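Here it is: the structure, laid out below.
Just so it is clear, A, B, C and D label the chains in written order, and each chain counts residues from 1 on its own.
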Amino acid sequence: MADNTWASAITSVVPNQIRVRGYRIDELMGRVSFGEAVYLILRGELPGAAVGRLMEAMIVASIDHGVTPPSTLAVRNAATTGAPLNACIAAGALAVNRHHGGAVEDCMRLLARGAERVAAGETAASAAGALVAAEKAAARRLPGFGHRVHTDDPRSHRLLALAKEAGAAGPHVAVAEAIVAALARGGKALARGGKALPLNVDGAIAAVLADLGFAPELANGFFILARTAGWMAHVAEELSREKPMRRIDQQSCAYDGPPPRDVA
Amino acid sequence: MADNTWASAITSVVPNQIRVRGYRIDELMGRVSFGEAVYLILRGELPGAAVGRLMEAMIVASIDHGVTPPSTLAVRNAATTGAPLNACIAAGALAVNRHHGGAVEDCMRLLARGAERVAAGETAASAAGALVAAEKAAARRLPGFGHRVHTDDPRSHRLLALAKEAGAAGPHVAVAEAIVAALARGGKALARGGKALPLNVDGAIAAVLADLGFAPELANGFFILARTAGWMAHVAEELSREKPMRRIDQQSCAYDGPPPRDVA
Amino acid sequence: MADNTWASAITSVVPNQIRVRGYRIDELMGRVSFGEAVYLILRGELPGAAVGRLMEAMIVASIDHGVTPPSTLAVRNAATTGAPLNACIAAGALAVNRHHGGAVEDCMRLLARGAERVAAGETAASAAGALVAAEKAAARRLPGFGHRVHTDDPRSHRLLALAKEAGAAGPHVAVAEAIVAALARGGKALARGGKALPLNVDGAIAAVLADLGFAPELANGFFILARTAGWMAHVAEELSREKPMRRIDQQSCAYDGPPPRDVA
Amino acid sequence: MADNTWASAITSVVPNQIRVRGYRIDELMGRVSFGEAVYLILRGELPGAAVGRLMEAMIVASIDHGVTPPSTLAVRNAATTGAPLNACIAAGALAVNRHHGGAVEDCMRLLARGAERVAAGETAASAAGALVAAEKAAARRLPGFGHRVHTDDPRSHRLLALAKEAGAAGPHVAVAEAIVAALARGGKALARGGKALPLNVDGAIAAVLADLGFAPELANGFFILARTAGWMAHVAEELSREKPMRRIDQQSCAYDGPPPRDVA
């Protein structure tokens, strides 16, 4: 019936030909990176290779963070009960919410407010100062700033550097950096419990995603996509090294993998 | 207590330093592709760049297949009820099972039986013939061969060509190709309902994953990882173009995206 | 470490003795109904038997609604791909959201606003009129009123009658009924598309849950709990009557179960 | 199109009339217990009231077991990340698998083998001895016997007593009890680590479900259905008593609910 017709602009499938946003998928294979393909399917156009590399760096940054994140514990916990791999991954995805992974989306919205001020003529420093003051007045934490483990997150520095190299750093990155500067100026008074509030990896990803033009609503999807690779490794390790139905105590885990080494 | 101690060889996290399999994640960012990083986290070592590109091509091959796969319908169906993105993705992952996506794992096990024969001295053709005969005798379908839509899947040809270029095609690819030849020789008698049984994309991915040394148990994880990008696009499109709580009729959907175009 | 200690007031477990809210679970078995046990575990005290029966009637009301609800389609869709039963149920739960099942929670919040007015001295009719006017002015639908299939939902009448029999109908039920009366007086002007807006089953459950003192946040849990029984029946039927990987067209389904019959 | 037509025998829905297995749902409400309704929707016929009470006792037995089961930890873990209630429940369901909750299904299959021997003329004692010997020879654990906490599970005794009262205890219950006797005779040699192997609650539920004629494939659905009530209580408690993103250490939890009390 006519009233159930609908349309999709993502992928066309006819016998022996699958096209994503108009491009044959077999032509994309080997010619564009996964980062470019992800950008393509979400935005509708292929980015340049530099943006593709930036997309990949962003995904690589989120690939794993050891055994303590709640989503990874959810994955391990499901695995120890005998859940199949897809259910373990689903359990991980279900643990990615406002308080875990959700800072990317919240930070994107924060930076968007700053970028609007910049577009209206303010400097990034002024916009950042206004945002910090507003959030402080509302007694809200700044999403994307501060980390429970890292006082100076190396992933953030690297990602912003890559964004600049790719020519993809815009007002959202500028506002993010200006907030860091404002917080440093503000000192202890602005920091949480007297600790520094650096840009964390969620904040850096938020700034880059926003400058690339992605909608905040998609943010936790990138995290899930990247972390799926890490979760696969955790499930494989759980099954190969541990007994079923064990009690998983996150604090009793030691790392016994390869020693520190450098990328050649 | 001592009896709860355990170890993980995946990722070490200390303040301001995260290392995946020994490599600093901020060094990996921008220096290795996502395909290389996925290989690293799952296998413990960085592959060469060629294998990294092959990994990416394999993931790109699975990124989307339009609105009709049950997992994508599950994602759309969750989205129309108002589910958040992570729950939509989880619903998609839960629909990736034996009958949808599961052919990769089953085909990996089939090809492993063939590769064992090859390792024991048989030719790939002989091994393929034995497998086809055995499956026919057991009245089992050959997983990874034949497709409900495609009689000659372009993704399969492309992926095997890339595997050969990367020097990564081994006995599993050889057996897969030998099975295709055996089925072609067998003609209608061996084909399903008189139709040809080409190597489908699941079969090609199975051959490549097996030759790269991945365990069959991980197979549907790659599918979920890749398709997460597609699912994100479907959720975004559902929310931007459709009303909540609509009845989603997969056969009433027309493609209205960009017209056919070539990768530059 | 001391800083990880926490407490739970739900269930104590020591060898050979499990107590829920203080009661031995083996004493509860056979002595209280499931409805009483659900009330107990959520509220901390056993209700009278009449309230237990009301709880059960509420759950029975939600046990199934055929094949068309999105959550049931999600369950069937997962089952046809080969998902295990627990994953099918999880897929169903993930499709219970704001637009499907969520009206109970929203209606509870609406009725709470009415009950506050009643507590402050207004009549239920006056409170209802104010709510209807406010929602109309805000161009919002009234959650819990109107149904895509039923113009006069028999489950609603029955549930409110049972609530009154149990002595459990309070201001929320009164406001719900007053809203129905207000809508009837308002006629076409207030109704959606000129249709009547009866109290639907979500609205009746909302009124009863609210008068029993449950928090709105729990509302969709009751729906999931009840519907799990229905979903189990749908999975069993899917596996016993249908082939894997079928296309599930909700409009092509006919009922072929027992003919109409009366409860003895 | 004709080839998509299918049928369902569960629930018919026409405007203002919903019938489950032929009965009007509004007539069922208040007239049958939830246990009777669950039996009806799964088996197609209303049971007697005694079987309904047995069904309810079985579900009450599974309603909660404190904070340590992996599924409850999954629920709490999801809740602390900010997951909505339905996602918390889904995470719990995904942790109910072979090694957690799955013993019911496995035990049903074991008891079915025993019941077949009884049907063929053996005594329950003889059948039990054969099963114990076979499982011992195969170095398999007996599913449904033994418990990590309880040496003598009070829920099992109670459930079997209620089954006998309801006239619903048949060969599966007989074989289960005969296995307990065989294990007691076998002494330490048969017990795990020298411990006694009583019938645990999973085993008792398995025996009752099997004698009631349920398929083993449905077993973990009953567990999920019952435990959903417990999970709701855990989510409510987590949100009301704890901070987001806390580390949930199952061994650091103390019970602080009502003191022991008796059902009046």
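Criterion: contacts are C-beta pairs under 8 Å (C-beta built on N, C-alpha and C of every residue); 3 or more make two chains touch, one makes a residue touch a chain.
The structure presented is a predicted model; accordingly, all values stated were derived computationally and were not measured.
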Equivalent interface positions on chain A and chain B, same or different at half:
same
Report, in whole Å, the distance between the mean C-alpha point of chain A and the mean C-alpha point of chain B.
23
Please work out the Cα centroid separation of chain B and chain D, and write it as a whole number of Å.
36
Spell out, as numbers or ranges, the residues of chain C touching 2 or more other chains.
68, 84, 86-87, 90-91, 94, 96-97, 247, 249
Chain touch graph shape: choose line, ring, star, complete or other and state it.
complete
Sort out for me which residues of chain A touch chain B in the complex.
1, 4-13, 15-35, 37-38, 41-42, 44, 46, 53-54, 56-57, 59-61, 63-68, 84-87, 89-91, 93-94, 96-97, 149-155, 157-159, 162, 165, 215, 217-218, 220-222, 224-225, 228-237, 239, 241-242, 246-249, 252-263
Which bits of chain C are touching chain A when the two form their complex?
84, 86-87, 90
Per the touch rule above, chain B residues touching chain C in the complex are 68, 70-71, 73-74, 77-78, 80-83, 87-88, 90-91, 94-102, 244-245, 247, 249-251
